[in-house]
Amino acid sequence: MELLINMVLLTLLAVITVGIIRVRNLFGVVVLAGAYSFLMASVMIVLDAVDVAMTEASVGAGISTVLALGALHLTKTEEAPPRYSAMIPLFVAVGTGAMLIYGTWGLPAFGLADTPMNTGVGLDYLNRNYGETNIPNVVTSVLASYRGFDTLGETTVIFTAGIGVLLLLKRFQREG
Amino acid sequence: MRLDTILRVISKLFIPFIFIFALYVQLHGDYGPGGGFQAGVILAAGVILYAIIYGLNAAKRAVPIRLVEFLIPLGVLIYGAVGVWGLLVGDNYLEYNNLSHGNQPHGQERGVFWVEIGVLVTVASTMIAIFYAFAGRGRE
Amino acid sequence: MNAWPSETLVLLALSLPALGAVGIAIASRIPNLREAVTLTVAAANFVVVMTLLTRVLDGERPAAGGWEVFGGIEIAFLVEPFGMLFACVAATLWIVNSIYSIGYMRANDEPRQTPFYMCFAVAIAAAIGIAFSGNLLTLFLFYEVLTVSTYPLVTHKGTDEAMAKGRIYLLLLMATSMMLLLPAIIWTWVAAGTVSFAPGGILASAGLPVGAVAVLLALYIFGIGKAAVMPVHFWLPAAMVAPTPVSALLHAVAVVKAGVFTVVKVVVYVFGVDFLATSGAGDWLTYVAGFTVVTASVIALRQDNLKKRLAYSTISQLSYVVLATAILTPISIIGAVMHIAAHAVSKITLFFAAGSIYTAAHLTEVSQLDGIGRRMPWTMGAFAIGALSMIGVPPTAGFLSKWFMLSGGMAAENWVAVGVIFVSTSLNASYFLPIVYRAFFRTPPAPATGHEAHGEGPFPVVLALTITAFTTLAMFFFPDIPFALAEALVGQEVTK
Amino acid sequence: MSTAPLHLQDHLPALQVVLPLLGAVVAAIVRKGPLAWLVALAVSWSMPFIAFALLYEVMTNGTISYAIGGWAPPAGIEYRIDQVNAFLLVLVSIMAALVMTYAPRSVANEIEPERQGWYYAMFLLCLTGLLGMAITGDAFNVFVFMEVSSLSMYVLIALGRDRRALVAAYQYLVIGTIGATFYVIGVGLLFTMTGTLNLVDIADKLQAVENARPVIAALAFIGVGIGLKLALFPLHLWLPNAYAYAPSTATAFIASTATKVAVYLLLRFVFSVYGVDIAFGDTPAATMVLVLAVLAMVAPSLVAIFQSNVKRMLAYSSVAQMGYIMLGIAMVSQTGLTGGISHLFNHAIIKGCLFLSVGCMVYSTGITRIEQMAGIGRTMPLTMGAFVLAGLGLIGVPGTAGFVSKWFLIMAAVEQGLWLLVAVIVFSSILAVIYVGRIIEIAWFREPVNAAVSPRNPPVEMLAVTWVLALATVYFGFDTRITADIAGQAAELLLAGYR
Amino acid sequence: MNLIREIIANYNYLITIFLMVAGLYIVVAKSNMIKTLLGLGVFQTSVYLLYLSPGKILGGTPPILDESFAVYSNPLPHVLILTAIVVGVATLALGLALVVRINEAYGTIEEDEIMDHVDRDDQA
């Protein structure tokens, strides 16, 4: 059952992506992107990544969409027809895909418990978490404590982006 | 016009709940899905909604831009400071074990709590600031 | 000064000209003071070098430096007889050339004289660095410094032509040294495990196959573009755009001498004469050098521009040195060494004369020189002496060196070399003597042809060229010092 | 209940990254340009001391491992410092300190007052990111700091005065993100196959992996991703405009550090994590990199000759110099790596000096186009004097730092009998002679024109810093203890791998 | 039959790869900057799947410890992807800001048109 839902949702994702490629009206594209994020979020729920799903929903479908719309509001909403043939890009993309298929075909099958990844550090966290931190949500404890430095970096990234956007867009009295 | 007023009324009722929800997500992050980042985004969403309905200037009156610009670095500062706190009690950077008189789990909870606060502050304020910047760019 | 340790003297000889450059820069506002600085430093440097000379003649081999740069390779100096000779040439001619420059630069009021004197001083420093260098790395370092410091001198005029020629000069010398010489040095390092000059050479024991040795030698010979062995000689005629004192520096004092000096030094101290002679890896050199000698002379014969003719004569005279080296007998090597000194003094005389003519009469072509000897007896007298020395007629320095080369060639039964020397001697005669003849025995054209009355060149100019001409003669009658040094050089060779 | 006293020296690894981070925060809070600069200056001058302390520690007591958050790796994030990255930390922090000293008036000249405070914050964030990438021993942590540095770099570049700066920043953003994502894909594959993120841990888990395909694919992705970051020809297209239109200080700093850190990452993965056997044993990687390196040494140099903007010319030469470095790596030999790594250092100094002297010129005259530089050497002798010295270093004239690294590279090629490579190396340095010589000729031997005639003198601190680097170029041409020697040790370490 | 099992076992990866290729294609092929950035988003999102899928254990539950569950999915990928999402949105915000500025400077957000302007600037 899990498996089936998972596959259905994924297929829908693929369909929407095609839409994103083909639609020329940028508003439409942004809306599709929002839907894409929602689907992605639900896939994440199926994959038991509830925190991630929540974030993806609020960020991908929420903030990103708002920002994109804001940007559209400041620029224009129709995509010009392509000037050059899309052969080379297609080649690049397909090449990457081929490399990926080559690479991923050796990956462990979906949903198994005894893969190196699921017997590695991840399991370790699950086992030791209770003794070391009183935080039932292992994601939170790993995020904020075991790999807290990543999260500091992540916060720094947000900080950087925030200041960056202000540097680029904020109007100071002198100009304008 | 009427529609608009309805919208305003509803949202007036709605926005406080958004903030409460954000608070819940923030504090409940230890036990269920959620945490500083998600809460921050939701908080920002609330303000953005307010701005969309009552206009940018109203929002800027409610949440002044200077404050936001001050909060962005503050969050990181809080986070970084927790790490320094770890140093001060003689542990490694970002180590929480002795933040609460050597009681490791408590120390961890305390550290995580403050860290999440830091994340919340930076994320929320950044999102708001970015929204202000984009929205403000349009005028004149 | 005699009390000072030799190491100090070596370092002093290296640093004095460099310091001189700084002094010149400081004094740039007051020309007289600036020239005073140049002359004093040159004189001081001369004294230092001479003091070293006495010690080297006493058999001392002063060393200095020894700062490790990487992986056991040092910046090191070792004064051996041959280097000593080159240093003497450079130090002596620096004084004379400075005197001459002062006269020339002022008479033709050239622009930007401060950078000129600065670069000149640096070039001298580089030349002495080459002379005293104790290993290939040090030599290469100063070799490139010399290239870089002379580039502004070549482009001194600042005209588009000067810059175009400057480009050729810089590119050719840089290209050869970086693309051929540097790999050759590194190859030597990898093969022999050292790059220090050693009597008898360092490659003999490296166990390279003969073919590889020949290739390596080729990398060296053509990598040392300053030796102007054809086909890497273009830069020398190109550099004729520079003012005469610079030409003198290039042709006599530093640059080309640095080239042939390096060639001889590499053959003697890196390959080792015996090793080359026995392995036969150097035989091809005779032909290349011989070809250059003859071809360059032929070209010189066809030049009407005086400085161009002198330039090509230089190319051929340089290959005399290479040829003499390629004969690979002690006698011929002595000849090579002697010829470096002999050619230096004679060729500088010729260039001084050419410059003097240009300054006084603004003439550049051979065909314009009819009867000029009457107006400028000193200049043309000196020119005649220089020319005779070039041809190798006694009583001039050129005779001695050629004599040794010939006897060396005979001894080695290297008939190619011998033949080349005979042919080119006749060629030399046929492109120098006509000039002397015109100058003295042709009647000067009527003033109508824009031949305004003029006398000798400026005093410093005439003084300088008289000194060098006199030296050219003196070296024939008192060849003891260069001879002693040369013998010391091969002496090590023979006893080895 | 243990509150041991605080021993700062034990926490230098953390401080190396946290100080600039907090510095950036403070700078962003104070907001006023001059104040922010003071903060940035204080922080960036503390960096070299920490870096040297770490280097000394490593040289004396070997590798340092620091567990962030007190969680022993692989559960926690480990900071792991050995000769290789200690060397890099020194380089990056020194460049930061120098550029920051140089900065105030140049920035005041190029950035509006209101933006300056945040500009310095961005600068420190960039520094944080680079140091973080260099110091961490955790594959994913690398990614996080890669993004910190990248995002701040995009902003720094976009702040250039020319409108082309915006486009350059945008293109760099797109390409940089693709690169980072490729890197993450690679790490993801590794993570899936090994179940860990700690580099050392990955290294020894890789032995057990029987199915090699995902592992090799991971290497490919990581390689391409980092290749984009370090502008490995032909993935360099973002670089020239980025360098050309960014503010002088940003260009100088980025050009001398960012690509170097990327190279370090590549070295780390290829040699330490994968090890020579896996990386080069059953893949054509070495040959491919060799070919690319050769192309990189020639093609961009040719392009550089025909540039009309001096900063762009230097940018293309940077791409070519990366070719030298990659060549040293691709020869997979002690000597080659020594050459490559020492060139990392030498090129940073040389390029830093060149861009800083151009910065002085821009400050005084606003000139960046080459034909306008006519005669500027006579009106600004000090500035262009430094340019000439560093230019000679770029060519690799003996007595300059550039010569040392070239010596090792040629030597490596000769050792392996790769005569063609020798030819390429020397040929591309002749190309350097051409494009540097062109500038020198125009700057010194042409008659000055309009703007170049009467420039305002560049401030003393700008000239001072530029000359410090110029003299360093000469100094490291003779004293190679902190370049070639340490590079040699680093090379040994890398060839040994993590196992 | 066997192939189908193979495909089911690797379905997540296949979709992941498809999304990657699609995203990359948008980035490289499209000239419109906003669309490019959205494509970049798709490209990054696909990585989320690459990390999350292998972390899923069939029959497992979200990694929130509780007596009533025994099998949990791997928490580590979740943490990493949280960070990745943040990076994604940060990049998007910055990119859009740049696009807005570019639009103000050049009056268009079509990259090939802008490159024409850039070339003209280079000539001038």
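A, B, C, D and E are the chain letters, set down in written order, and residue numbers restart from 1 in every chain.
We adopt the following convention: a residue touches a chain if its C-beta (ideal position, glycine included) is under 8 Å from a C-beta of that chain, and two chains touch if they have at least 3 such contacts.
Quick caveat: nothing in here was measured; it's all calculated off a predicted structure.
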Partner chains that chain A and chain C have in common: D
Required minimum of steps from chain B to chain E, each step between chains that touch: 1
Most distant chain from chain E by Cα centroid: C
Chain pair that, of all pairs, has the most C-beta pairs in contact: A-E
Intercentroid distance (Cα basis), chain E paired with chain C, Å: 69
Separation of mean Cα positions, chain C and chain B [Å, integer]: 79
Inter-chain centre distance, chain B versus chain D - centres from mean C-alpha coordinates, in Å: 36
Chain A-chain E separation of Cα centroids, rounded to whole Å: 5
Of all residues in chain D, the ones touching two or more other chains: 21, 24-25, 28, 68-69, 71, 121, 140, 144, 147, 151, 154-155, 158, 185, 189, 191-192, 197
For chain E, residues contacting two or more additional chains: 20, 24, 54, 62, 64, 76-77, 80, 82-83, 86-87, 90-91, 93-94, 96-101
Contacts with two or more other chains, residues of chain C listed in rising order: none
Chain pairs that touch, as defined at the top of this document: A-B, A-D, A-E, B-D, B-E, C-D, D-E
Of chain E, residues touching chain B in the complex: 62, 64, 82, 86, 93, 96-97, 100
Touching residues on chain D, where the partner in the complex is chain E: 140, 143-144, 147, 151, 154-155, 158, 162-164, 166-167, 169-170, 173-174, 177-178, 180-181, 184-185, 188-189, 191-192, 197, 241, 308-309
In the complex with chain B, residue positions of chain A that touch it: 50-51, 53-55, 58-59, 62-63, 66-67, 70-71, 73-74, 132-137, 139-141, 143-145, 148-149, 151-152, 154-156, 158-159, 161-163, 165-166, 168-171, 176
Sites on chain E touched by chain A in the complex: 8-13, 15-26, 28-32, 34-35, 38-39, 41-42, 45, 48-49, 52-66, 71-83, 85-94, 96-101, 103, 108-110, 112-113
Interfacial residue positions of chain D with respect to chain A in the complex: 21, 24-25, 28, 68-69, 71, 74-77, 112, 114-115, 118-119, 121-122, 125, 128, 132, 140-141, 144-145, 147-148, 151-152, 154-155, 158-159, 185, 189, 191-197, 205, 209, 211-214, 216-218, 220-221
